[in-house]
Structure formats: C-alpha cells, structure tokens
C-alpha cells in the first residue's frame, strides 16, 4: 500500500488526494446471493443471534414452551419404556394434533419476532440502501418471509421429532420401530411447512405496514384473535339461524385454516373441532390462497417503499 | 469562585462571581465523584458558584453531562456532597421550583404549540398566572411569531429556545443548561447569550456546558474545565492562561523597524524566540506581564515605535487545548 | 428534605392528564382501536340477525370473549404502555420530573389519562353492543349490560395500572403484556384453576357477578373476592411505579 500518495488531481486552488482507494474489479455475486445473505441475516435475527442475550430470550423461550409437551412425553416414554409392553402407550399426542393444541405459542412467536424483522429496517431507513444493491423489493420480501417461515418451521418440527423419538423408544425393537414410525412422521413435514409459510406470510404481510413496532404487534394480535373468534361466532349464530354459508367463514381464519390444511397431509377426515360441512381440501385451498394474498400484500408494501 | 487545589496553580486571580460573600453559594460541590463500576466519570470535583454565568468546558466524555445531572438531582454522587441552594437536589422534587433545567434531549409533546408547552411548564410549576408567565418567557426567547405553531414543526434552534423558555418561565434562581446553543444559528446564539447575560445581571446563577469555545468566550469569562472527570482549571480564563507558565505566549508585533526590535528583544532572557515574518514579529515569551514592561522599554531605547501588539493565542481554544493535553 | 406540599401536587394532576390524553389520542392508534371496538357491535348485529335471544349466550360468547378477553386487554396494553412510552428509556421523562410535583402525582395523572380513554372506548363498545342485542331482552339483559360496563371500568384501571407499571421497568412491556393476557390469562388459566386469583380477567369477570350471573365455567371469583384483589393489584402497581420514578437516574450519555 502506497502510503505517501501524491495528489491525484490538483489545481491552483484545490487538490483531490489519492487515498489509496482501489476500485474492486473482482467477482461480484448476483441477486440470489443478496437474497441468501438477507435470508441468513433474518434467520439469525429472529433467533437473536448477533444481539445481546435478551434478544434471544423471547424466541427460544417461546419455541421451548411450544416444544414442552412433546419433551414431556419423550421423558415419560423413556422412563416407562421398560414397563410398557408393545402396543401400550401413555397419553399419546398425535403429530397432527400438536399444532392444534399449541398454536397459541406459535402465534406469539410470530407476533414477537415478525415486527422485529420488518419494522426495524423501515424505522432506520436502511431500505433505500438495500435497494441500491442488486436486491429489489420482491427479493427483500422473499428473504424476509423465508427467514420467518424457516424459523417457525424449525420451531414446529422440533416437537415432532421429540414425539418421534418418544414413540420409537417405547418399542422394544428400535430399527423396526423407526421403520414403522417414520411414515407416520413424514406427513408432518409438509404439513408444518405449509403452516409455517402461512403464519409467516400473514405476520409479515400485516406487520410490514407500520414502521412502528408497537402498532404492528398489536395489529397482529388483534388480527389473529379476532379472525379466529369472529368466524367462530358467526358459525355458532349461523347454526341457530340456519345459515348454511356460515361454515365457509372459517376459511377466513388464520389458525383454523392452517390446522385444517395441515390435516390434509395426514389424510384422515377432519377432527370434530372443524365445522362438519367443511373438508380438508377447502382448507388447503384457502391456506394456499392466503399465502398468496399476504405475500402479495407484502410485495405491494415494499414496492411502494422502494419507489 | 473557589477551585479545588489545582496542580501548580497560585490562588486564582480574577473577580469571582461570588468571592467570599456571606450568603451560601447557589451551587456547591464538595469532593464529588461519580463512578459506574470501574469507570470514573467524575473524579473529586469541588467548586462553588454564585450569581453570574459560568461555562462548563470539556471534551466529550469529560463528565460534563454527568456533573449536570448530579446538579439537577437526577444522579446521586458516589461520593461527596452536591448542594443547590443549600439542599441536595437528589430525590427532592421541591427543589425544582428554583431550578431551571435545559437538558440536551429533545423535549417531548411535539403536538403542543410553543405557547402551550411553556404554559404547561408554568402550570406544573404552580404559578398563579401561567398564561402571562408563559407569554413573558416566550417573549424573552424571541419565539412570539412561532408561539402558536406546534413544536414538532420547529427547527432545532427554535426547539432549543422553547426548552429555554420552559425552563425560565418560573423565574428560578439557578439555571442548568446542557449544550444550549446546539442547533442555533449565529444570530439566535447571540440573542441567547444576551439573555443569559441579562439573567446573570439579575442575580441568577447560570451554569452551561459547551464544547464550542467561542460560545463560552462570549457569554462570560468564568469557566470550569473538566478533563477526564477532573477539574483541570476554574476561574477567569485569561487568568488561567496567565497561570500556564510552562507554555510560552505568542505575541505578534508590528513596529516601524521589526528587525531592530527583534535584535534587542532576543537579548532578553524573558524571550524564548523571535520570528521575523511577513505579517510582523512573532515573539514567544513565558512571562506575559514581564514582557509587557519589557517591550515598552526596549522599543523606546532603540527608537522603534510600536504600531500593534497582539497576543496571538489568548483564545479559550488555546487554553483548552493546553489543559486537555496536559 | 422538603417534600412538595400535597395540594401543589394534586393541582398539577389535571394538567398532566390533559396532556396525556392529547398524547394518547392524537394518532393512527385511535383509529385502529376504534375499528377494534366496533367488532363487538358488529357481532351484536349478527346475533340479532340470527334471531338469537339467549342473554347468557350473548354474555359469554360476545361480551366475555370479545370485549373482556380480547378488546379490553388489547386497548389497555396499547394505552398503558404508551402512557410513558419511551420516556423512561430515552430520558425525556426528565421534563416531567424536573417539576416540583410528587412522583405519585405524576403516576396517578398518567394512570387517569390512560385508564380513562381505555374505559371510555371499552364501555362505549360494550354499551352499544349490549343495547343492540340485550336491551330488548328485559331486566336480565339490562343487568348484563350494567355488569359489563362496571367490569370494563374496573378492568381498565387494573390492566392499565399493571401495564403502565410494567412499561416503567422494561423495554419490552408491550410483548410481556401480550404474553400475559394471551398465555397467562388465556392458556394457563384454563389449565390451572389457582391462577384465577392472579388474573385481571378474572377480577373483571368477578365484578360482572355483582349485577349478572355468568355461566359457571366463566367466572371463578365472586365480586367480594375480585374487588379487593383488584384494589391490591392497583395499589401495588402504582406504588412500584412511583418508586421507579423516584429512583430514576439519568445515565451519563458518553459525557
């Protein structure tokens, strides 16, 4: 490095100095690398890595509580494995029922970390900086949704795996048990993927509309709670009044729809919690539609921000 | 002003704003220190202030804001005592009737108009006629034209003035201002300096912090210099300058015959160096007072008439520089 | 140490309340919350349109579920955490504290401001919804409306004082508040009965019981238990908040 740099340009009244800055002529990664980088950064920030311990508190605590019943069952299975004969199981939580039981925690996870992902960038006005890179509004939105969806998918799958291990442990022949249980576990993967993607797109699609975290957080809480309760109420009123269309309102719910869509992968008919006139196909269709709609909202929002 | 024992300093010269009077000083610190774990923010500072304006100088990180927070009662000293108007301001809200505080942070409630904001302060102070007091304060800071606009629409300088108005509406005895001239344009700054001067004349005790030296120079000559948490100097800054004997003063001289004057000056032991330059003679001397006598006598003896004698670095900048680097 | 005379502090309260009201109501926040408070009213309309007339059913499915369990905590957490907002963290609370006013007066004033707007919003929502759905149902219906109005008043004060105190101690008061009413009051309450003693929602529903009997699985506390517990909560929250303000210290900002 040349320390004593001569003036790069000078005239009688002024000079521009050569500070040794060299133009970068090497390889440049394209848009996909930018998206990937943003995705990994988002995934890290959802879990609080790269930030002080307090930032890790919420996501890990919520994911931990979400997985707690599964680990409880795992612990109980390993303790009682000896005294249990083949086919005798203790309180067994089925893979397909788990989300329907613990959805509240997953929802709070999204509420806690969703605004984290999309509000801070808007607040600190770094978006215009991002968009000067080979990253457009679609890439940004995609990276953010992917990050939250992935984090949520991990949260949802960890208890599935714990249940799987628990089930395997309760059987004497491990290898055969794995062979038996694995096909039962497999539908959980796409089911939870759809759930994760659905919740992530709803959360970010709504949260991105306000740079202020408090409004986004409250808005998400209100949306999730009310969009569950209102259709349920309308359905109950509809049963009394004989409105046949009332059951369809459940397609507007975020959580119920996603639970139903998840059930579709498990094949069997829907549980009694769902309106009797509805089928899993409708819920899958509704889930995919909502993913598209909310992703679209997110795109629109960032398009207007990048303009 | 009474300083702590500064290293190698003679008892301070200069008329202190409160020299040996019988009334209790408005502000009094005795061996005050403040530390956060291992970091010492303020280290064994003592001084007392009376009516008049005093500038609190220091580089960033010197502990000025910490000191002001302690004076304002929002920080307890780790050691020593802080007394404002005879009492400790810490956790004693009643003391705020007599203190006007202008912190560095932005004021809240941007939806209030300037007038409403000042009147809000007046009402919280329990004044009998808050409206009139608010109008008076607004007039004093020169915000009459903008008083009916929301503070959120103000420029930074106007917001500063609104803060000052809010702090003086209850006519307190003591003013504490943290970087009050921040964001003001030169004209507003002059106006604010005049205001502070007026308040000082009226017997108020004013302490303001700054690291813009020309501000402090203008408002008053009394300073406190804080460096790395310690009080490096206090008093009239010219007097402080005079005390800095290990650093030569530079004086520029224009005369009818510079070379002849230079030759005679260099012979004297009080003179360190003489430089002949385009603009005149630059003389470096350690003893300013001795030199003053010397120059008159020598120029007369060699028949040179003096046209101009200018101390080149009397500014606060050089004082400050010196103290910081010590 | 000279304390501030109580009369001086009390006289300052209305002024702080006024400014707090303006601070809380001026923005998008109000519109969002107005939209939320309309929902129970819409549900009342649906109720009537469906030809239902069961007062108890309405009370539990709308007034309890929508208004008490959802609307009230959401409104309260927003206003409660916004009363002081970021003032403690960014130090701007000093403008309020550098006044000759006792700290408890500042707390009370902020509480009055935030609790009043919360109560007004929720009571309006409950009243209109109740009038639409229940007024035609006679004495029983009117008792329900009265019960819930009273409950909203008590609930507002409780929730707001709790969330406001929380906001003075932690930066993530909003999230903690949401976690509290979703998980603690929601999920855990249905699992463990003892939690009812520590749940503001149960205090609120308990107050309803003074006017109107909710079906058994909803309310677990009698008014005689709920009110004293609520009072204790409010006093403790305000006391802690006052202490926090008294101990407020400005950190040296690098200088």
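Every chain is named by a letter (A, B and C) in the order it is written, and numbering of its residues begins at 1.
Heads up, the rule we're going with is that contacts are C-beta pairs under 8 Å (C-beta built on N, C-alpha and C of every residue); 3 or more make two chains touch, one makes a residue touch a chain.
These numbers come from a predicted model, not from an experiment.
Asker: Kindly list the shared contact partners of chain B and chain C, in label order.
Answerer: none
Asker: Most central chain by CA mean?
Answerer: Here the chain at the core of the arrangement is C.
Asker: Need the most distant chain from chain C, centre defined as the mean of C-alpha atoms.
Answerer: B
Asker: When the centre of a chain is set as the mean of its C-alpha atoms, what distance in Å lies between chain B and chain C?
Answerer: Chain centres of chain B and chain C, defined by C-alpha means, are spaced 49 Å apart.
Asker: In angstrom, rounded to a whole number, how far apart do the mean CA points of chain A and chain B lie?
Answerer: 57
Asker: On a C-alpha centroid basis, what's the spacing between chain A and chain C, in Å?
Answerer: Distance between chain centres, rounded to whole Å: 31 Å.
Asker: Could you list which residues of chain B touch at least two other chains?
Answerer: In chain B, no residue touches at least two other chains, as defined above.
Asker: Using the touch definition up top, name the residues of chain C that touch chain A in the complex.
Answerer: 28-29, 32, 36, 39, 42-43, 46-47, 49-52, 61-62, 65-66, 70, 74, 77-78, 81-82, 172, 174-175, 178-179, 182-183, 186-187
Asker: Which of the residues in chain C come into contact with chain B in the complex?
Answerer: By the definition above, chain C touches chain B via 1-4, 8, 11-12, 15-16, 19, 22-23, 26, 87, 90-92, 94-103, 246-250, 252-255.
Asker: Using the touch definition from the top, list the residues of chain B that touch chain C in their complex.
Answerer: Residue positions touching the partner: 34, 36, 41, 58, 60-66, 69, 72, 74-76, 87-88, 91-97, 99, 101, 103-109, 111-112, 120-121, 123-126, 166.
Asker: Under the stated contact criterion, what part of chain A meets chain C in this complex?
Answerer: 54, 58, 104-105, 107-108, 111-112, 210, 213-215, 217-219, 221-222, 225-226, 229-230, 233-234, 236-238, 240-241, 243
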